[in-house]
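Next come two complexes built around chain A: one with chain B, the other with chain C.
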Partner chain A sequence: MTEYSNRSQYPQARADGSLDIDLTSGKYLKLWQGPNHPGITGNMSVELTVCGDEVVEGKTHVGYLHRGFEKLMERRTFIQCFPIVCRICVPEPDFNEYCYAAAVEELAGIEVPEKADWIRTLILEMGRINSYLMYLGGQAGAFGLGVIGQWTTYARDLMLDRFEELTGARIYHMFIMPGGVRDDLPEGFDQRMEETLQEIESTLQDVYDTMFRNAVFKKRAVGLGYVDPAWVDEYGITGPVARGAGVAKDVRRDQPYLVYDRLDFEPVIATESDTYARADVRRRDLLMSVDLIRQILARMPRQGEVMATLPNVLHWKIPRGETYVRGECSRGEYGYYLVTDGSGYPRRVNVRGPSYTHAMTLLEKLIVNVNISNVAGLMVSLHTYPPEIER
Partner chain B sequence: METLYARLKEPFGLTDWVLQKPDLCFVTVAREQLRPLLLHLRDLEGFTHLVLLTAVDWIEEDRFQLTYLLHDRAKARDIGVRLMLPREDASMDSIHELWPTAATYQRELREMFGIDFPGSPRVNEDFILEGWADLPPYRRDFDTLQYAHEAYAERAGRETRDPARHMKEQLYPDGGQDD
Partner chain C sequence: MSVRDLLSPFTAWKNLFREPVSIKDPFNRPASERYRGFHKNDSEKCIGCGTCEAICQNGAIDMLPADGVATQPGDSGLRPRIDYGRCCWCALCVDVCMTGSLTMSNEYKWVEADPDKFRFMPGVDKKHWDDYEDGYRRPDGHRLNAPERIDMPELAPAQRIDSFVEMVTGYTVEQAQLEADRCVTCGICVATCPTHMAIPDYIRAIRDGDYERGLKLLYDSNPFSQICGKVCTRRCETTCAASHEGDPIAIRWLKRHITEQVPHERYREIIGAPGPATGRKIAIVGAGPAGMTAAFDLARAGHQVTVYESESHAGGMTRYGIPEYRLPSDTIQREIDLIVSMGVEMHYNTRVGTDISMQQLQQDNDAVILAIGLWMGRSTRIPGSDHANVFKAVDLLRRIRDGEAIEAPKSLVVIGGGNVAMDIARSMARLQKQQHGEIAVTLTALEDKAHFLADPVEIKESIEEQIHILDSRGPQECVIGDQGGLVGLRTWKVLSIFDEQHRFAPSYDENDEQLHKGEWVIEAIGQMSDVSLLGEELTEQLEWNRGRLQVDDDGRTSESWLWAAGDCVKGPDVVTAVATGHKVAASIEAVFAQQEAQT
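Coming up: the complex of A and B.
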């Protein structure tokens, strides 16, 4: 267990809730973790106030990566928005494509072919595996276990090969577009995917033996960043962070989309609700994704179209309306709120990424009383990606 | 969802009900009824999760639309509560006491749309745009293209094409029909 020292040394709160910190007293120090720091997740920073080596206050700062996606989309036709949405999340871009496409299809009244739904589900699960592998490497690295990241990068690279042969791209796939998906599965894909899955399972066994059974990892991760299950709704917590707290919250099961109602799975949960539990939930969720991909390839129809007929996309106008489409990405609930006004451009697109709540309010709450050396591990355990905050 | 609306319509003066899909509906509420409605939905109807809070700029109608999207996990359903605000000196009551995460959304709306939420924690602190002094950029009257022309140098040799006209020239080099 992480040992916490006596909190009475920390500053008193003022009437407005802010802390009375006198930096000239020599007792406190401001320390910036990020934006350029190996212990930060992406382009963000945490402004730490420390007393000794313990954090008494942390404030998340974002804006280093702001590209104004939501505003840019208001100037682009519906089809022009499609290639830019994936840029919002680098490690798992496909959820942006799916949520955007599904929202546009819903408001435009487009029916997607059944086979496209299966391929979309396949793509999303492949992306989830990539994202989790990247996470495992980062989580281990934050506690000094550098070699795990090399193994998971190798496994992720194999999955990127599958993405490349399926979509033509390794990172930004631009494959799930309004109306369906761009192409069918290539010849022999199932066999190569099975080989990839077996290699990933083998790597994951090594990761389990060297990371999850490692005394250093256990010593530092167990008890770090405890999330009370009662905070889940209060703080908008979703995904593995909620499931690590024993709350079986998974959009794939709660509000099944695509073909998840035709697949057999149960949400992975843990009850310890600390960094170790969250890492283990993600590891087991990854194994579930491997199983889901096998189920998809075994059950999906092999005949039929993968793309609906769209109107002329250069003159495509969508009637006035609004909707919200959500999915369960590797970090939690990902959603698109789309408002249309009858013109050829979206009136408003709002992206709801899980990091928005996890990396701001929740991280600022959890970071208090944590040792500086554990800040990186805590932050990674929430699996945050800053571009979702500053879309 | 229909029964929920039928039950809440009179007490909270709800209007413009739209059932977007079986598990998602939108309603409009007046400003003074927002807080009682959100409390009722959260504490008595099971809508405990604030999914998002965002704004839509209806500049032609001279008003902002605030959308509070709430989720009820037990019944797997969502309700989007719309609230219309005049664009001039837009200001709204904070709901950070109901959901702490609302403070972040409100801070972003303050910066990006210029909508004030008095009393919301750190609402006036820079969120994404450090040192921004221009018009709040997510308002419809902020012209991103003009801003880009003024703020950045044009790359030499760059060509800009209208996609519709360009595709038409590619597909029908001899002309073809007008739109």
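Coming up: the complex of A and C.
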């Protein structure tokens, strides 16, 4: 359990089990963390009730970033949805592109060329690396280790260069489209990717030495935000948060998609289930992604098409149907539930991002009895991206 | 926690001796080759189809008139203007661009004080990145719509060569839907079609499976839709946006498909009954596409229309000039019956000028329309062309269509490279196959193969049917043998057809002479109108333009009671005849309305 439990005698529980928080008593204070980027998790806020420097209650508030993607998609043709889905999650946009494309392909009965599946897997792993690098910087920064963020931003920038040469864009790649991917790997890509991977490995070693073997980080992170393995199913916890609690959940292995069944890997787990353990799971998962990219480039076919023939996308109608397509993103299970009604527009799109459960219900549970100074570190340890909460 | 955890972080100091990794001059960092930066548009290549505008999910593209870009057939004259306040650089516009004119540079920096400047017309508003080589362009093979046409099922050459059975069998519903799916609904074809049929709309009706709506749309602008569905010259397809980087949409075959899907007994109800009678009377001379189109329009407006036709059946050149294997008689008859059912009175076997005079028609009617077509074949007037075995293609085609038993010669030569030449060559080949089992048809054309006047499909099918096509051959003499019989055609190699003033003045290489053997020579070099029906007095009164009747923009001649339409004033082809038929009908209606307003 966390080292902060039973730290305070306030608030006391009433007979019915509810907390007796009397804001007029002078013991408590309302404190808003956010919505302006508490830590780096994006535009959401936590309404804290503190007693001294200890959080006794936290309410999560979202709505600062609502752009109504799911509704927007109901008024866009299937191809027109393709450029907007990536915007649902800024730091790891490719999962939106993949899940949306896969859902559309399934309902429209489009077979994607094999090579496109390999390139899609490559892109998703590249995106995972980016997402983890951004996380590591944020996690360290939340505990005052500013330089880690500078290093990981540098490493991420190298990967963005690879994205740029492959997809034609750095952040919103708009590359995985229904039917396949836009283009083949550029010439000489493998070598430049290998150089990038080596640089990332080197950066990660530095991160390991200065962050994971750092008394300050350990002092702050060990024991913070303990997640009981029993909560995993109860709260719908997935990804590194679950794996940090010793539950080896990984969609890549459990329900293999794309070409993951042809790659060699084992889910990375830890048992301590605290902020440190989760950070370490992500660091090792990142190294696994580096390995997966090497496997992909070594094994992928170099000949063949990367895009299926689509019907005329301007009046593309998809037969009535529904599907749920999932994938393992850097934060857990990412899924798209798509309903079609035979028209040229999606009838309903529902995006299942892991942040919804992690950043709202789970955070409200974990935040109790946490020192105010650790709130940002705790939030970051759940690795949540508010844009995907507010699809 | 250990001593190592206290010391390890100090390894960060090693970076003191490292070069900075940040780019010192980020503003001059070139983006990658594929980078989706600012747009470029090759304005010459762009046809203003607006497909980019249609696909843009941000509404960032507007199609607008552009300086220095003229509207012309196949080009709307509009160009895309992009609003960078809305654009998200997804490049769907580039992917869907029908001509490949729209691309992106890898430029990503643009600084302006005036925000309106970021709304610009690539290619028209010149930018420094217009010359950039790098940037996103649609990768090879990456298409958002199928570039290839669904082939029309047709009889194989061996199956069709000895019969006049219709060779095209028509799309199935599935084939038609696939073909209809390729259309991007830009509507450039509508402007090109002489009668401005609502092409994207009826193609949409096919996609929707709503054939009755499709049929209504067809007959709103073309009462010869069944016929045009089979033999239209389909200029629409030559300007189709899809033709720039793929096959044009099979617009003609899709039109045909609609007419085949609706039961014929439903036609009249869908098209609608004529309006109440007006008491106005109109006489139309000639029951071809122009005359019957005008009859259709005017009868539906409630006027009393009488059509005089010298032949025994209506349809004009569609019946007597186009071979049965392209256009079966029952198709023509259905079309004519439909028009007649609107209350048109038909007088067959009635030759105006002989059986009834123009003066009579003028006296009995409020307006008269001449739609007399081009029925007289032109002659090359080369030596020997007055021989009995030298024929005019139009005359022969008419005799074949009339069911006359023609004894085909064992070999023959056709002069001409247009569709009529192909029609007669292919018809005679069929007769030869039926009668002799062998085909020996040589076709000589003035034009080289790249400039043949005939439809490329006709040329391809003629070759399939073993017709020997020779290009750049100028006819010099129909050679007559010692016994007085025709031996063949002597030709010279054509060096050029037109002189420097673009006048018809062929020049030949006399050293390259050939004799093409043939018992017959058939001339298919053009037709003219037989205007003898007008009589001397009226011929004197009317104004003429190079042998054709002079008409104004509305199809009205210099005589206020007389209009003219069809091949005799413009064309020749069916859909142009239909268009001019509509035009004179509208003009007559306008005159009637004017007269009524004055009384």
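Note that the second predicted complex is superposed on the first by the 373 of 391 C-alpha atoms of A that agree within 3 Å, B and C clash if a C-alpha of one lies under 4 Å from a C-alpha of the other, contacts with A are read in each partner's own complex, and residues count from 1 in each chain.
The criterion applied here is as follows: a contact is a pair of C-beta atoms (placed from the backbone, for glycine too) under 8 Å apart; a residue touches a chain by one contact, two chains touch by 3 or more.
Just so you know, these numbers come straight off a predicted model, no measurement behind them.
Asks: Quick one: chain B and chain C on chain A, clash or fit?
Replies: Because the two structures are overlaid on the shared chain, the partners are seen to clash.
Asks: Scan A:Leu314 for contacts with chain B and chain C and give back first, second, both or neither.
Replies: both
Asks: Taking the superposition on A as described, I'd like to know which of chain B and chain C A:Tyr337 touches: first, second, both or neither.
Replies: The first partner, chain B, only.
Asks: Looking at A:Thr210, would you say it contacts chain B, chain C, both, or neither? Reply first, second, both or neither.
Replies: second
Asks: Per the contact definition in the header, classify A:Val147: touching chain B only (first), chain C only (second), both, or neither.
Replies: second
Asks: According to the stated criteria, A:Gly26 is in contact with first (chain B), second (chain C), both, or neither; which is it?
Replies: The answer is neither, since A:Gly26 touches no partner chain.
Asks: One more residue to check, A:Glu322. First (chain B), second (chain C), both or neither?
Replies: In the superposed model, A:Glu322 contacts chain B only, not chain C.
Asks: Which partner does A:Gly188 contact after superposing on A: first (chain B), second (chain C), both, neither?
Replies: neither
Asks: Of the two partner chains, chain B (first) and chain C (second), which one does A:Asn350 touch, if any: first, second, both, or neither?
Replies: first
Asks: For A:Gly109, using the defined touch cut-off, is the partner it touches chain B, chain C, both, or neither? Pick first, second, both or neither.
Replies: neither
Asks: Pick from 8-16, 26-34, 44-52 or 566-574: which stretch of chain C gets in the way of chain B?
Replies: 44-52
Asks: Report, in rising order, the residues of chain A that make contact with chain B in one complex and with chain C in the other.
Replies: 77, 80, 314-315
Asks: Which of the residues in chain A come into contact with chain B in the complex?
Replies: Contacts found on chain A: 17, 62-63, 66, 68, 70-72, 74-75, 77, 80, 106, 233-236, 249, 254-255, 314-315, 321-324, 326, 333, 335, 337, 339, 347-348, 350, 352, 356-357, 360-361, 389-390.
Asks: Show me the residue ranges of chain C that touch chain A in the complex, using the header's touch definition.
Replies: Result: residues 1, 4-6, 8-9, 11-12, 15, 21-22, 31-36, 51, 54-55, 57, 88-92, 95-96, 136, 139, 141-146, 181-185, 204, 207 of chain C touch chain A.
Asks: Can you list the chain B residues touching chain A in their complex?
Replies: Interface residues on chain B, with respect to chain A: 18, 20-21, 23-24, 26, 48-52, 54-57, 67, 69, 73, 76, 78, 80, 99-101, 103-104, 121, 126-130, 137-138, 140, 142, 144-145, 163-164, 167-168, 179.
Asks: In their complex, what parts of chain A are in touch with chain C?
Replies: Touching chain C: residues 76-77, 79-84, 147, 154, 161, 164-169, 172, 174, 182-184, 186, 206, 209-211, 213-216, 218-219, 305, 307, 309-315 of chain A.
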